Amino acid sequence: MSLLSVRNLVIDYARTRALDGADLEVTQGETVGLVGESGSGKSTLGSAAGRLLPQSARRGEGEVLVAGEPVFELPATRLRHLRRRHLGFVFQDPIASLDPTMRVGAQLGLVLGRGGDVSFHLGRVRLDDPRVVRSYPHQLSGGMAQRVAIAMAMATAPDLLIADEPTAALDSQVREEVSNMVFSLAAEAGTSILWLSHDLPAVARRCDRVAVMYGGRVVESGPARQVLGNPAHPYTAALAGSAPAAAAHGVRLEPVPGRPPVLTGPAEGCAFAPRCPFAEERCEHERPAPVRIREQDVLCHRAADLEGTLAQRRSAPEVSA
Amino acid sequence: MRKLDRLSIGGLACLLILVLFALGSLFGIGGDPDAIVGPRLQPPGPGWWLGTDNLGRSVLPRVMEGVGTTLLLSSIAVLVTAALSATFGIVAGYRGGYLNELVMRLVEVLYSFPAIVLAILVAAVLGPGQFAALASIVLVTIPLMTRLVRAAAVAVAQRDYVTSAVISGARLPRVLGRHVLPNVAGTIAVQGTYALSVGIAVEGGLSFLGFGVQPPQASLGVLIQQGGTYMIAAPWLILGPGVVLVVAILAINVVGDGLRDRLEPRETRSLT
Amino acid sequence: MILELDDVTVTFTAGAPLRRVHLDAMKHVSLEVAEGETLGLVGESGSGKTTTSRVALGLQRPTTGTVRFDGRPFPKRRRELAGRMQAVLQHPHWSLNPRMRVGQSVAEPLDVLGRPMDGRADGRAGGAVGEMLEQVGLEAGFADRYPHELSGGQRQRVSIARALVTRPAFIVFDEAVSALDVSVQVQILNLIKDLQAEYGFSALFISHDLGAVRYVADRIAVMRKGEIVETADTATFYTHPSHEYSKQLLEAL
Amino acid sequence: MRLLMWWSGRALSSAATLLGVSVLIFAAVRLMPGGFAETVLGPFATAGQKADLAARYGLDQPVFMQYGHWLTAVTGGDFGVSMISRQPVGAELVARLPVTAELTVLAVAASVLLGVPLGVLTAVRARPGGGGAAGRLLSGLGVSVPEFVLGSLVVFVFSRYALGLEVGSWVPLTRDPAGNLTTMILPAAVLSVFSISVTARTTRDAVMGVLVEPYVTAAVGRGESPWFIVRHHILRNAATPVVTLLGATTAYLLGGALIVEHVFNLPGVGSYIVQAVGRRDYAVVQAGVLLAAGVFIVMNVLIDLLVGALDPRMGVMAGRRS
Amino acid sequence: ATGTATSPTAAQESAAPGYLAVADQALPTGGALNLQVHIDSGAATGYDPQLADVATTWQLLSLSYETLVTVGPDFSVQPLLAEKWDTPDPKTYVFHLRKGVKFANGREMTADDVVGSLKRLLASKGVWRGQLGPVKSVTKDGDDQVKVTLSEPYTPFLTALANVPAAILPMKEIDDKSVDPATTLLGTGPYVVQDHRQDVSWTFKRNDKYWNQGKPNADTVNITIAPEEAARIAALQNGGAALATLGNVDSSTMLAGAKDVQVVTQATTDFYYLMLNSLKPGSKLADPKVRQAIAIALDDQQIADVALGGKGKPTAITPAGLPGACDPAALPSAGKSLDDAKALLAEAGAQNLSFTLSIFSTEPAPAVAQVVQQNLQQAGITVKIEQMDEASWSGKVYGKAPADFDAALSWFAGYADPGMVTKWWNPETAGFNVGFMKPDKDLNTLIDAAGKEPAGAARDKALTDVCAKADADAQMIPLVTRPATVAFRTDALSPSLYAAEGYGNVLRLVADARVKKTQ
C-alpha cells in the first residue's frame, strides 16, 4: 500500500516554480532516497508531504496523499492528527529547528511526553554525553544538533520519516552509525523513509528506491542501485558521474555543464534539455511523459534510445561501493 | 518585501486626511480657533459645526489646530526618541560590557523620575511651552524603547550574519546600521507608535498641569483634557477631538504594525 | 605563514549555574597555514573544528595560547584586517541577513572595502556581484531575492559567493559544501581551486566529506576531542595515515 | 562564581544608580521653580518666617551639607518629615504603598492575562491579507483612549447608575478583601487598558518574530496543536521583549496610577508624590522618587534574571560578545 | 447680594433671606455627615489658626475654633463667644464674654484666654495681625469682659475679629506648653478632631462640652479630601458624600440629571485681579497711561459671563456684593471706550504693546486669562499667556523683588468688610506685592481715611474715592468675583448655607446641618 503518494504536484512560490508536476510514491516500509540538484525542489516536496510549506507557496495542481488522506484538503485537526500519527520530519537546518530557549533534554522530553526516556533516545543517535541533555542548542556543534533533531523525529516512531539531508553535517563515522541506526530502527518498526540527500553512495547503499529530481520534477525513479548504477536519464548519469569522492587526488572533476533552471511557470519541454548532450528538437518543446525503462520510471523523450549508452559514460564505478 | 496590507493603507489614508485637516487650519479654513464666536457650551449648529467650548469658541477650528499641534509635536518627539533609543539600545546591546551597563543605568535613573517631576524640571529649565513638552515626551518615552531595542539587539548580535560582517572588516556603524538596525526596526516601529500614544497622553497631561502647549493654542491633549471635564454636560467637546485622536492613534498603530510586517521579509507561518 | 595557532586551548562552561561543566573544545592546538595553502580540517562531530575556525578568525579569544595572523597577534581594531579574511560559516540559515537581498549580502564585503561596484549601486544583478553569483551556479537574478526564498544549497552558495567576492587572503570554509549536490559541489570546489590558483589565497577547509577535502586541500589536519591528532600532506594522508583515528576515518570513505 | 560576580556587580551598579538618582532628585527639587517658602508659606510670608522655616528643615545650610544629612538619614531608614503634614515621610509612604502596589499589580496581571493572549492571537491570526484586523484595531483602541478621559467616564457612569462596582470609596485590603476588590477593579481596569494594548502589540511583534523560525515549523511538523506550540515554544521565545516591557510598564503604570488615583480618589503613592511636587514638599518628593528608583532597580534585576532564564542566549551568563 | 441657585427647590425657596438653605429643624439630630472638599489645609505653620492665611484652612479650623464675634447672613457682625459688646467711643470696644464656654478639654474659657489670644495674635507674624487695625491695647476688664483700645478709629475691626485667625485659643495650656496649637486643635468650637491624615481625610467628632446646647446636630463630620472634581461629583452621585465643594463653574450641568442632588452657587467676596508689574525695568507697564488703557480695554462683564459662566460679577477693589462696596460700573475706566484706550496707548508710545501674562493652571484662571487676552486684543495689545503650576507661579510672582513677570493673574479672598481688602493696595502693608507694585501715596491716604470712617454714607463716599484712585493707578486691576459652587444631597442632608460668604467658609454653618440618613 502506498503510504505517501504525490501526484503531479505543482508548487509555486512568489517568483519560482519549485515543483512542476512531481510524482512520487512511497509504500509502507520502503526507504526512498530523493536526490537531485540543489534547488530542484527536494525540500519543497518533503515539506509538501506534511503541508508544511510557507504561506507564499501555492499549490497549483496535483495532490498529496498520506496514508490515503489528501493532505491539502484536510481540516486542521485531521491534518495535525495525520502528522502526529504518520509523519516525522528532520529539516535541512537542524540547529535552527531546535528551540533555542529550551534545553535539549526538555525539548526531547516534550516530544516524548511524560515517562519518555530522554537519554535512551539520545543514546540511539550516539549522544551519550550527559552534558548534551542539559545543553542549549547553541552550545552544541552542528553535528550534535543534527543528531538531536533526528532523535526527536524518530522518537514518535512515525510511519514515514522525511529526512532532509539528515547526515550532511556529520562526520563519516557518525554518519554511518546514525544512518545505520535510523535505517535499522525503521526496518524494525516498519517505518518508511524519504531520505533527501546529496550523498549518492549512501543512498545507493541504503535505500530501496531512489527518485531523482530535476527542475521540480522527479525525472527518474526506481530501485536505488539500478538508478544510480545504471541510470536511464541523462541527468542522473551526469550527477552520478561527478562525485568528488570518486576522484583521485589531483584529478580535475567536471560538473554537469551549465546552470540549473529557475522555473517561473511550467517548463515547456524537458527542463534538462539545455544542458543535455542528447537533447533533440522536441526536448525543448514537449514535456516528456513517463516511460518505463527496465525497472525505472523515466521522464525522458530519448530514454529508450539512450538505453545502454548512459551506463558507459559512468566515470565513477565506486558509486555503489 | 511585501506591500502594506489593506488595513495599513486605510490607516495611512486616515493620517493623510488628518494632515490635510491640520494644514487647513493653517490657512484659516474653519475659522479663527481663538475667537469667541457664540454663547458658551452650545451644541453643534450653524456657525459652530462641532459646538462651542466653555469660552464660546468654535470647536471645529480648535480641533483642526489641535491635530496639527499634536501630530507635529508628538511625531517630532517620537522621532527624537526613536533616534536616541535606537542608537543607545543598539550600541549597548551589541557592545555589551561597561557601555551596556552605563546606558542601562542611565535609563534606570530616567525611569525613576515620575513623568510629572521630569516635566516640571524640564519646564523649569526650558520654560513652559511646546519645547518643554517635546523634551518631556522624549524623556518619558526613551527608557522603555531603549531597553526593548537593546534586548532585540542582543539577540541579533549573536547571529552569524553579524559575525560575517565583522569578519569582512565592517566598521561598527556599518554593522549596526546595516545588520542590527534593520533587524530591530520592527521593535522600533512598534514601540514608536506606542511612544506616539504616550506622547499624546503626556502632552495632554502636561498642558493640564500648565507646562505643555500654552493657551489659547489648541492641541488634542488640551482639548481632550478640557472635553473630559465637560464630558457629560457638553459631550461634543470631547467627541470632536476624541474621535480625531482615536482615529489618529489607531491609524498610527495600524500603520506601525503594517510597517513592522513589511520590514519582515520572511513569512510568518500559520500554526496549522 | 598567514595563520599560526600556538598551543591554543579554549574552554567553555555550560550547564545550569550550580552544575557548571567545563569543556575543552580545543586542547593545546598548534596549527599553521601557509600563504596560498589550503589546510583541510577533518574530525568527528563536536571535535572542535568550528571552534578552531573561530579562533583563527579572531572571533573567539583562546583561553590560553596565542594566535598570529599575518605574523602578528590580532589587532585591537578589526578594521585593520578588512578584506584580509572571509568565512563561510556552518549554518547557512543564520549566515545571511534575512532583511538584506542576496545581492546586497554578496556586495557587502566589497562595500566595506570601499570598492565601488560596477553595475547598479544596490548590488542587484550585474557587475562583480552578478558575476560572482553566476560563478557559484546561481543566476544573476537571485541577487533580487531574500534569503528565505532560497533552498538550503542556494543559501550556502550565496555565503560562498560573499566570501569569495573580494578575493581575501584567507578564507574559512566551515562545511561549505555539505548542503550541495555533488555536481554543484564539484563546481564550487573547482571554483575555489581556480581562484586560489589565480589569487593565491589561503584557506581553512573544514568538512566531513573526506572526498571533498582530498579534492581541495594541500594539507590535512585531523582533530579529535579538541586535539590535533595528525597533520599530513594530502597525498600522504590518504595513502599512509599514521594515526589510528585517521585510519578509521579513511576506512569509512 | 560568575553568578556571584554578576550579583555583586549588579548590587554595586544598583547602588551607584540609587546614588545617582539621589543626587539628581536632590538637585532637581531645588532647581524646581517656586521655592518651598513661597509655596508652603504663601504670598504673605515675611522674610523672617521664611528663614524660620528654612532653619526648621535645615534648608539654610549649604546644599551639599543638606545632601549629606539627608543621605545619612536615608541610609538609616529615615526619609525625613513632610513639611506639610509634619509627619514622617517613610510611614506615610508605607501607608500608601499598598494602594499603588495593588493597582499596579492588578494592572500588570491584566496586561499579562489579557494583553499577552490578545497579542498572540493577533500574531497567529495575522495573514498577509490582513486577518487579525479586529485584534489589531482593538489593541490600537486601547492606547488611544487617555486614562483621564476613560477614568472620568467610568467614575461618572458608575457613580450615577448603580452598576455593582464602587467608585470613590476605598477599603483597605486587610479590612475587607472582597470590598477592596470591588473598589479596586474599576481603577485597575482603567489603568490597565493602556498597558494591555501595549502588551498586546509588543507580544504580537515578538510572536511574529518567532513565527518565522524553523523550530516552529518543526513543531507544526510534529503535529503539535497550535496551543501546544504557543505554550511551549512561542511564549518562551517571545518572552524577552514582553517581560522587558512589563517591567518597564510598571514604571509607566506608577505614573498612570497617579492619574487614576486622582480620578478615583485613592490614597496612593502616586497622588502623594504629585501633591508633594505641587507644594514643593522636598522630603516627600525625594523619598518618593527614591522609592520609585528602588522599585525599578529591583524590577530590572528581576527582569534580567528572568530574561536570562527564559533565553539562554541573553541575560546574566551570556555576557558580552566574544 | 444674594447667591444664585440653580434649579431652586422647595427647600430653597423657603430659605430665609440671606440664606441659600436653612436646615430643617424638624429632622432628628445625630448621625454622620460625609463631606468632600477639594483641598486640605496645607500650611507649613500647622494648625495654628493665627498663622492660617488661606480660606481652605480657615474652613477646616472653624469646626473647632470660635471667635468673639462672627459673621451673619449678609455680612452682619453677630455675637459668638462674646454675648454682646459696647462701643463707648469709636476707639474702644468692650466685649462681654459668654459664660459657660468650655474648651474641648473641659476647661472653662476665661478672659485671660481672650486677652492672651488677641495679644498673641498681635505679637505674631500672621497676616491677620494687620487686618485687626491699629490696636493699642487689650485688657481684661473683670472676669467676663475684655476691652480693646484702638489708637484711632478702625471700622472693619469687628469684622476682622470674626475670622478664624482671631479665634480664642486655650492660652493657659499654650503658655504652660502642654498644648502646641501648631499640632493640636483645642478650641471651643462644636467639633473636635479625632483623626487627620494629611491630604486624605479628617474626622471630627461632636464636642460634648460645646456651650451651645443642642448643637452641633451631626455627631460626626467626615471630610474627605478629593482634589479631582470628577471624584467629588462621583461621591455626590453615589451618595458617598452628602455635600461637596465644586470648582468648575459648569459643574451644575454635570450634575443636572443626578437624583436628589442640589447644586447651589454661593456668592463670595473673593475676586480675580490682574497684576501689572510696574517695577520691572524697562517695562511699558510702568507707565500709568498704559495700565489705564489696559483697565479700560478689559471687559469685566465678558469675563464674568464667559470665563465664569455668568456666575461671577464685575467688581472694583471693594468686593462687589459687600454692603457699602462701590459700583464697578461707576469706575472711571468703565465709562471709557476702546478708542480711549488706544489713544492712551498712543500717548504713551505703546501702540504695539505686547506682554506675557503669567497664570497658574487651576481652572478657571486659564479661562479668565484667555478672555483677558481676547479683550486686550481689541485694543491692539498682544498678550502671551504663560501657564504653570501654582508653585512655579508663586515663585515667579512672589519669589523675588523686583519680580520679573510682566503681568499675572490671581484672586483675593475679599473678606467681609469692603475696606479690608483695600489694604492690599498698599504694598507696604501687604508685603506680598512690594516686588511689582509702586506705593501710591495718595491711594494709601485714601485707604487709611476710609478705614477710619464709621459706616455710613461718608464711608461709602470714601470707599468710592479709593476705588476710583485704585482704578486710575491700575497696578492691580480687580476683575470679577469668584463664586463658590456647593452641591449636596437633599436625601442625605439638610444644610444651612449663607447666600454670600466673605471668608470662603462653606462649612461655616455645619453645626446646624441635619443628617437625613447616614450612608
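Going in written order, the chains are labelled A, B, C, D and E, and every chain counts its residues from 1.
Note that in this section contacts are C-beta pairs under 8 Å (C-beta built on N, C-alpha and C of every residue); 3 or more make two chains touch, one makes a residue touch a chain.
Quick caveat: nothing in here was measured; it's all calculated off a predicted structure.
Asker: So which chains are sitting against chain B and chain E at once?
Answerer: Chains touching both chain B and chain E: D.
Asker: By number of C-beta pairs in contact, which chain pair leads?
Answerer: B-D
Asker: Distance from the CA centroid of chain B to that of chain C, rounded to the nearest Å?
Answerer: The computed centroid separation for chain B versus chain C comes out at 46 Å.
Asker: Report, in whole Å, the distance between the mean C-alpha point of chain A and the mean C-alpha point of chain B.
Answerer: That gives a centre separation of 51 Å.
Asker: Please compute the C-alpha centroid of chain A, do the same for chain D, then give the distance between them in whole Å.
Answerer: 54
Asker: I'd like to verify one number: the distance from the centre of chain A to the centre of chain E, where each centre is the average of its C-alpha atoms, in whole angstrom.
Answerer: 92
Asker: For chain E, write out the residues touching at least two other chains, lowest number first.
Answerer: Where chain E meets two or more other chains at a single residue, that happens at 230, 254, 388-389, 392.
Asker: For chain D, which residues are shared contacts with two or more other chains?
Answerer: 32-33, 127-128, 152, 156, 212, 214, 217, 220, 277, 311, 313, in rising order.
Asker: What positions in chain A touch 2 or more of the other chains?
Answerer: 54-56, 80, 93, 96, 136, 138
Asker: Which of the residues in chain A come into contact with chain C in the complex?
Answerer: Within the complex, chain A contacts chain C at residues 13-16, 35-39, 42-44, 54, 92-93, 95-96, 131, 134-136, 139-144, 146-147, 164-165, 168-176, 198, 200, 238-239, 242-247, 249, 252-256, 259-260, 262.
Asker: Can you tell me which positions in chain C touch chain B when the two form their complex?
Answerer: 57, 59, 78-87, 89, 91, 94-100, 105, 108-109, 111-113, 146, 148, 159, 162, 166
Asker: Provide the residue numbers of chain C that touch chain A in the complex, in ascending order.
Answerer: 12, 14-16, 19, 21, 23, 42-47, 49-50, 90-94, 134, 137-139, 141-142, 145, 148-154, 157, 175, 178-187, 189-190, 193, 208-212, 214-215, 234-235, 238, 248-249, 252-253
Asker: Using the touch definition from the top, list the residues of chain D that touch chain B in their complex.
Answerer: The touching residues are 13, 16-17, 20-21, 24-25, 28, 31-33, 123-124, 126-130, 133, 136-137, 139-141, 143-149, 152-153, 156, 194, 198, 201-202, 204-205, 208-209, 211-212, 216-217, 220, 226, 229-230, 240-241, 244-245, 248-249, 251-252, 254-255, 258-259, 270, 273-274, 277, 285, 288-290, 292-293, 296-297, 300, 307, 311, 313-314, 318-321.
Asker: Show me the residue ranges of chain B that touch chain A in the complex, using the header's touch definition.
Answerer: 158, 267-270, 272
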